[in-house]
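Before we start, here is the structure in question, set down as structure tokens.
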Amino acid sequence: MLFAVGSLAVMGATLGTILGVASRYLAVEENPLEQELQGLLPGSQCGQCGYVGCSQYAAALAKNEAAVTLCTPGGKAVAEALAKKLGVTADLSDHEEKGPEYAFIDESLCIGCLRCTQECSSDAIVGAPKQMHTVITDNCHGCSKCFKVCPTEAIKMCKVPVTLSSWHWEKPDSPHAHVH
Amino acid sequence: MTTAYTDKSGPFTHAPSSVAKTMATVLAALLPATLYDAWLFGWPAIFLFLFTIAACMALEAATLAAQGKEWRVALSDYSVVLTGWLLAMSLPPWAPWWVGLIAAVFAVVLAKHLFGGLGQNVFNPAMVGRVAVLVSFPVQMTAFVAPHPLFAAASPGFIDALGITFGHAFHFDTMTAASALGYVKTELTKGVPVTQSMPGLMGLVGGARPGSFGETSAPLILAGGLFLLWRRIISWHIPVAMLVTLFVLGTVFHAANPARFTDGTFQLVAGASFLGAFFIATDYVTSPVSKPGQLVFGCGVGLLTWVIRTFAGYPEGVAFAVLLMNALTPIIDHHLRPRAFGRTRTGAPLPLKGGK
Amino acid sequence: MKDIVLLIVGAALVNNVVLARFLGLCSFMGVTTKLDTALGMGMATTFVITVSSMADWAIEKFLLVPYDLGYLRTVTFILVIAAAVQFTEMVIRKVSPALFQTLGIYLPLITTNCAVLGVALLLVAGQYNFVESAVFAFASSLGYSLVMAIFAGLRERIALAEVPMLFAGPPIGFVTASLLALAFMGFSGMSTN
Amino acid sequence: MKLFPVRGGVHPEYRKERTSELAIVALPLPSTLYLPLQQHIGAPAEPVVAEGDLVKKGQLLARGAGPVSAPTHAPTSGRIAAVTQVTAPHPSGLPQTTIVLEADGRDEWAELPAPIADPFAADSQAIRDRVAQSGIVGMGGAAFPSAVKLNLGTQNRLETLLINGAECEPYLTCDDRVMREYAAEVIDGARIMAHALGAPQVVIAIEQNKPQALAEMTRAAAGIAAVTVVGVPVQYPMGSERHLTQAITGRETPAGKLTAELGVVVHNVATARAVHHAVRFGRPLLARVVTVSGGAIGKPANVEVPLGTLVSELVAFCGGLSQPPRRVVNGGPMMGQPLPNLDVPVIKGMSGILALTAEETNEQPSRACIRCGTCVTICPCGLVPVEMAAFIRKDNLEAAAKLGVTDCFSCGSCSYVCPSHIPLVHYFNYAKGSLAAANREKRKNDQVKALVEAKAARLEKIAQAKRDAAARAKAAAPSTPEASA
Amino acid sequence: MNPRTLIHAVILGAFCTGFGIVLAATDRATHDQIKQRALEDMQNSLSQVIPPGLHDNNPVKDAIQLTTDGGKTLTVYRAMKDGKVTGVAYQIVGNGYAGPVKLMLGVDPNGHVLGVRATEHHETPGLGDKIDIAKTDWITKFTGRWLGNPPEDKWKVKKDGGVFDQFSGATITPRGVVGAIRKGLLFFAAHKDQMLEVR
Amino acid sequence: MPSYSRIVKDGLWDNNGVFGMILGMCPTMAMTTSATNGLGMGLATAAVMAASSLLVAMFRGYITQEVRIPVYILIVAAMVTLVDMTMNAYMHELYKVLGLFIPLIVSNCLPLARLEAFAAKEPVLPSLADGVFMGIGFTLALTAIGAVREIIGSGTLFADAHLLLGPSFRFLETQVLPHDTGVLVMILPPGGFLATGMLMAAKRLIDLKAGKEIKMAGAHAV
């Protein structure tokens, strides 16, 4: 009996030492957000999220590459916790469907006040003080900041038009739409 | 008629092909062998055959209806008729009706429609059906009868036959015979060398022997297969690869140890080799799409058929071999894609040679 | 030679760990949505099974049997496995980030994989010698990798199909596994001949 | 000549007999012509005329803008009625800027550039300039500015000018007729182009289902050592330049490279004829031969049509529609594009107008793919249409791109053979379009990102300068703490 | 060594010690019980092949080891009454459909079968598993038979020309069992003296 | 800390170990050839889960991150061995039925997953509750799968229940189909997967009918 207990204890102590030493000398820097996210995950390492284990999923989440709803064992609770941690629900509704836009300045209304130029983060609006301004469409990413500050409502946000060269075929209906 | 302008990109012409035509051609190719077998095994076989097909069709309609989908259209492509037909051909001709029914459930509901229906299944439905009942009812599935040609004196009449298929009139212990492959296998376990148990080839080729409904008429099956090749419904790759592999393995091992291994010709004409090679392994849905892939697939089916027939518990191997290779099909497809024009196998652009 | 071949075929195909012995099923269902991932998992598991089975063989031979400690078998085996996996992970991660990329990331999953303990226990039950043990463990894990790859291939294809809503996801995965097991039944009875 | 095998392809029902024996007829001059500024690949032309201007036949209406572009000329004399937006002959049905010319009926020629008397003695640049001035673009369908292609000889050592007389599309016989009726002009044009390219050899490749064209061209080329006429197998899409090059030279053009890098440049027969006219007579491209066919056309014909003619007028000339067509197609049935309606102009790349009946299109509702693999076997590009379409259906365009969907040249073979009638090419067109749009988007985002960073850096610099100034000011006045606050 | 490293060793070691003690203690407490249970199990299965009335000893205690032709040792349990061997029992193995079928065979000193039971097999439920006494009484048909009843060349299933029933659709299992019993009786005949000898 | 009603609902239905989390699949497949087997395996697992959850929740303050997994596994393994020995000695009849399955509990990933996910973070009593209800949920799932396989596969239900539960439970043993009829494949390996898949779909159907938003576990990937 003593032998049994002893051998098990020795084994445990040895393995514990090895792991302890190893964890010290083999420590690898980790992203703290990743760690936190990983803490929220169930840790069952089952891979059902489509990633190889929780840490990979956490890494993907930290890099904002994965949806928060992928963990099967965690269920809804974990998804909510993750969403809260990453603050993604708000984001999602914000970025929903607008389609690309660009700003257009009605030159007859522009008074050359320069507010839009200051606001534009990509230098897409050119013009000197008190002169008409124009938007370089290619540089405009449609953030609509200029639209919001223009005192004369000279700025319109327009949908990027479809041209002969940018037009393409729409996705065809699924074959099943025809059959069933 | 209305003019459709720009709802669809081209092409605006189409080969005169359709799914229904393809399936109908395969059915036509099966017809001679089927008629011969129906004659050979009499009314019970005909009942089971019709019952199985009807069960498959009804189950397809029911599964689609349960999902709220349009079932009439699906039935009109005949794929389920073909599945039922091949399934019936793989059953012992005098098996009771419930064997056909359970096989049909496995084939049509589980193997086909749970995966989304035509074209989306990964396993050959008919073979899933056959294997499921083979594993479940080994007694009924290995009880073959010797041929009882229609209208011959010993063959059951219409009413008797109803009793065999739909009642309890069939007694397995008294009337059954083993198929050639099964016989060889059981004899082998008794220590009888293959050389003594292997039946004469002429009898096998002629087809008048106990066996599944569709395996007893090798010449007609072969003819049907050649018809499909001629109609370009199937290509030669799978059947040839499979039959050659089977033949070569049989021949080589028989030469090495005639007492243990049956020879190549026997491997070809016994069991469902031809039916499998031309009609089952070639199922589009569950075999690779590229020609090199089909060659690998065919060789795999041949190899596994031989291995299972020779070493495993079940005497007949085609069905298992087909299912096993079905499982490998996605991987084969993945690795044996054709080389794209102007690119190497890895997808990099070809080097500009010569620099002329 | 013939025995070794039989051992390999038996362990890899006929008594496949996943489909016939029902071991390692959680990773079989969980980590097979992508072919590449499944292959990596297979490789990593092969490594761990082979290594830890040999260690467990030694424990059995030099500790448990001589001192009649059979009741500690489960405990010691699983301890060795857990420690081995965790240690291997740390080492690979530190020493070769490249290898860790391909292999190491699968390691934490393997502790909870029954196939590892299962194979070790099967070895004890089979009373193999050291070489046989190594071969058996390797062949078993090869069988595991094989079905993992096959199943992942199938699931990648099913992912493109219009599976009925009730069955999309894990249920159709189980149905597929069922049909795969049905196909593997073709190998049954092979070891007896 | 030894030919080489080409992968895949199909053998559609050709239905060429409906027009192949009909000589080219000229369309009477319409009263109004609509000349879009973009009849070619590249930048749209820039108009040099305005509403109300009077123009003569052959006069420049819009000049090429930029390195890849082509000018447009007046097909007849008359008055510019407008420069306005008109529906383009394009499936989108979008309008594009178009010069509307009202014919005065006099058909008076403007003063044309002088013919180049001996083109073979002329500088090759002079020939290229003439081709560019003449607004010649590829008439084989792609409508790529021909002068740009004739430049290829300056960067590559060319061996062969391949004249594409394959005309592998069903129905179309315009190239066939041009070769039969104007063999000498085609060969002369081809030799001029070869001279411009610096290619020592001209090979004229004609599908063997056009025996008369083969005979005519062979006869016309007799005695000219540098010109060879070959019959190539009847196999759609033999006319694709990469495949034709492979059939003739046995060499496969690497992805992303031009056939010119193998020493081969491909031009269409009608292009060669246009070059002949431009060089020998100074005439710009003003008209083209169009095959008008299909079961719904009253009297199918090969018509020489002034550019800018409305398709409706062309169809009316050909006996009108005998029944409502199922589809109206610009080009051949395999690669052609559907027209949004008949009131669109004929442009330079338009080789055929087909009004097809339902029997001819054989359109059926698509069904699930049965994985028959035919599309894989026949794809001339070695792609796997079945898998690409499956990924696209599940919105996984990246996976489709990995499988090479961007290599697909929309030849239509796969859709043509698919027994399930799956609109494969439509899927690929959608995917290619979406991927290109995503690419544009990404490029734009990168550009914007760079601009944002630049601006942020600039602002930071200014802020820093201000802070420095403030610090200096503070240092200068340490006794007044309020100043810095 | 750094205490922060050592802490892991201490924790794991402590848990191991703790559970080691618990397990060892439980093993102590249950060891004899478990041994006893195993013995009872063995006696139980022996009692099915050797009627209890035949002996007054514990056959498990009076077991001897014999060497088979294959060179393996075989434990032969012996039933004794009044110092004389009244029956022996030993394990025989047949080739079943799904691997070996282990059986316990009881034989009286005249070579008559006292009883046979399948102790371990993996035959298919509904087919081969009819050899199991829990399913059918097929296995009891051997009781009282010997190598003269039926004659040795009739010790086969009916399908092979013998006298014993096979099951419909499953011949391999009964064939294996009949063969094993026949060989077991032959083994008895060959080693009769050793088995019956009382020291 | 989740409420007790949440713990109960999760364990029994919403996040059921087998049908929700898809863990513990090995015993689920291997031990469900009959309802009785499933029940027995489930009960043994539940006992181990309850005990180990309790222990982990009690000791978790003393366990460091690095040796966490070995210690948890050690705890499970020790509990399993304990159950094994005790049953063998004092409940021998029951042990003869269950004996084979018990060591397998160690390698069941469900207990370990729950230890990591719940007991390692929550107080003692809820952890015990989680262990118990996860265990019961697991038992129910195994019994259901076993029942389906047994009815279709051998035509019986709860055959041999008296061996597990005592002679008073003989009444559970029912012959559903005529004697010796049954679709054998259901009690062979393929039947295990099939029954599980079918029951999983059935659970989804019930959730759907109950108006719950269905949890497409992993459906994004397949």
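Letters A, B, C, D, E and F mark the chains as written, and numbering starts fresh at 1 in each.
In this section, contacts are C-beta pairs under 8 Å (C-beta built on N, C-alpha and C of every residue); 3 or more make two chains touch, one makes a residue touch a chain.
Given the structure is predicted, the values throughout are model-derived calculations rather than measurements.
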By that same contact rule, can you tell me which chains touch chain C and chain E alike?
A, B, F
Starting at chain D, fewest touch steps before arriving at chain E:
2
Which chain's centre, taken as the mean of its Cα atoms, is farthest from the centre of chain F?
D
Pair with more cross-chain C-beta pairs in contact, given E-F and A-D
A-D
Which chain has its C-alpha centre farthest away from the C-alpha centre of chain A?
E
Please work out the Cα centroid separation of chain B and chain D, and write it as a whole number of Å.
49
Suppose each chain is reduced to the average of its Cα coordinates; what separation in Å results between chain B and chain C?
33
Can you give the whole-Å distance between the Cα centres of chain A and chain C?
36
Measuring from the mean C-alpha position of chain B to the mean C-alpha position of chain E, what distance in angstrom results?
45
Where in chain A do residues touch two or more of the other chains?
4, 7-8, 11-12, 15-16, 19-20, 23, 44, 46, 48, 50, 72, 169, 172, 174, 176, 179
Per-residue multi-chain contacts in chain D, two or more chains:
91-92, 367-369, 393, 420, 423, 426, 429
Taking each residue of chain F in turn, which ones touch at least two of the other chains?
22-23, 64, 66-67, 70, 74, 78, 81, 85, 109, 112-113, 182, 184-185, 188, 190, 194, 217-218, 220-221
Under the touch definition given earlier, write down the residues of chain F that touch chain E in their complex.
59, 62-64, 66-67, 70-71, 74-75, 78, 81-82, 85-86, 88-90, 92, 96, 154, 180, 182, 184, 187
Interface residues, chain D side, partner chain B - complex
7, 10, 12-13, 91-93, 157, 159, 170, 242, 251-257, 261-263, 323-329, 333-341, 354, 356, 358, 360-364, 367-373, 376-377, 379-384, 386-387, 402-404, 407, 410, 412, 415-421, 423, 425-426, 429
Which of the residues in chain C end up touching chain E in this complex?
71-72, 75, 79, 188-189, 191-192
Interface residues, chain E side, partner chain B - complex
97-98, 124, 127, 160, 168-172, 175
Complex contacts: residues of chain A adjacent to chain F
12, 15-16, 19-20, 23, 42-44, 46, 48-50, 67, 69-70, 72-77
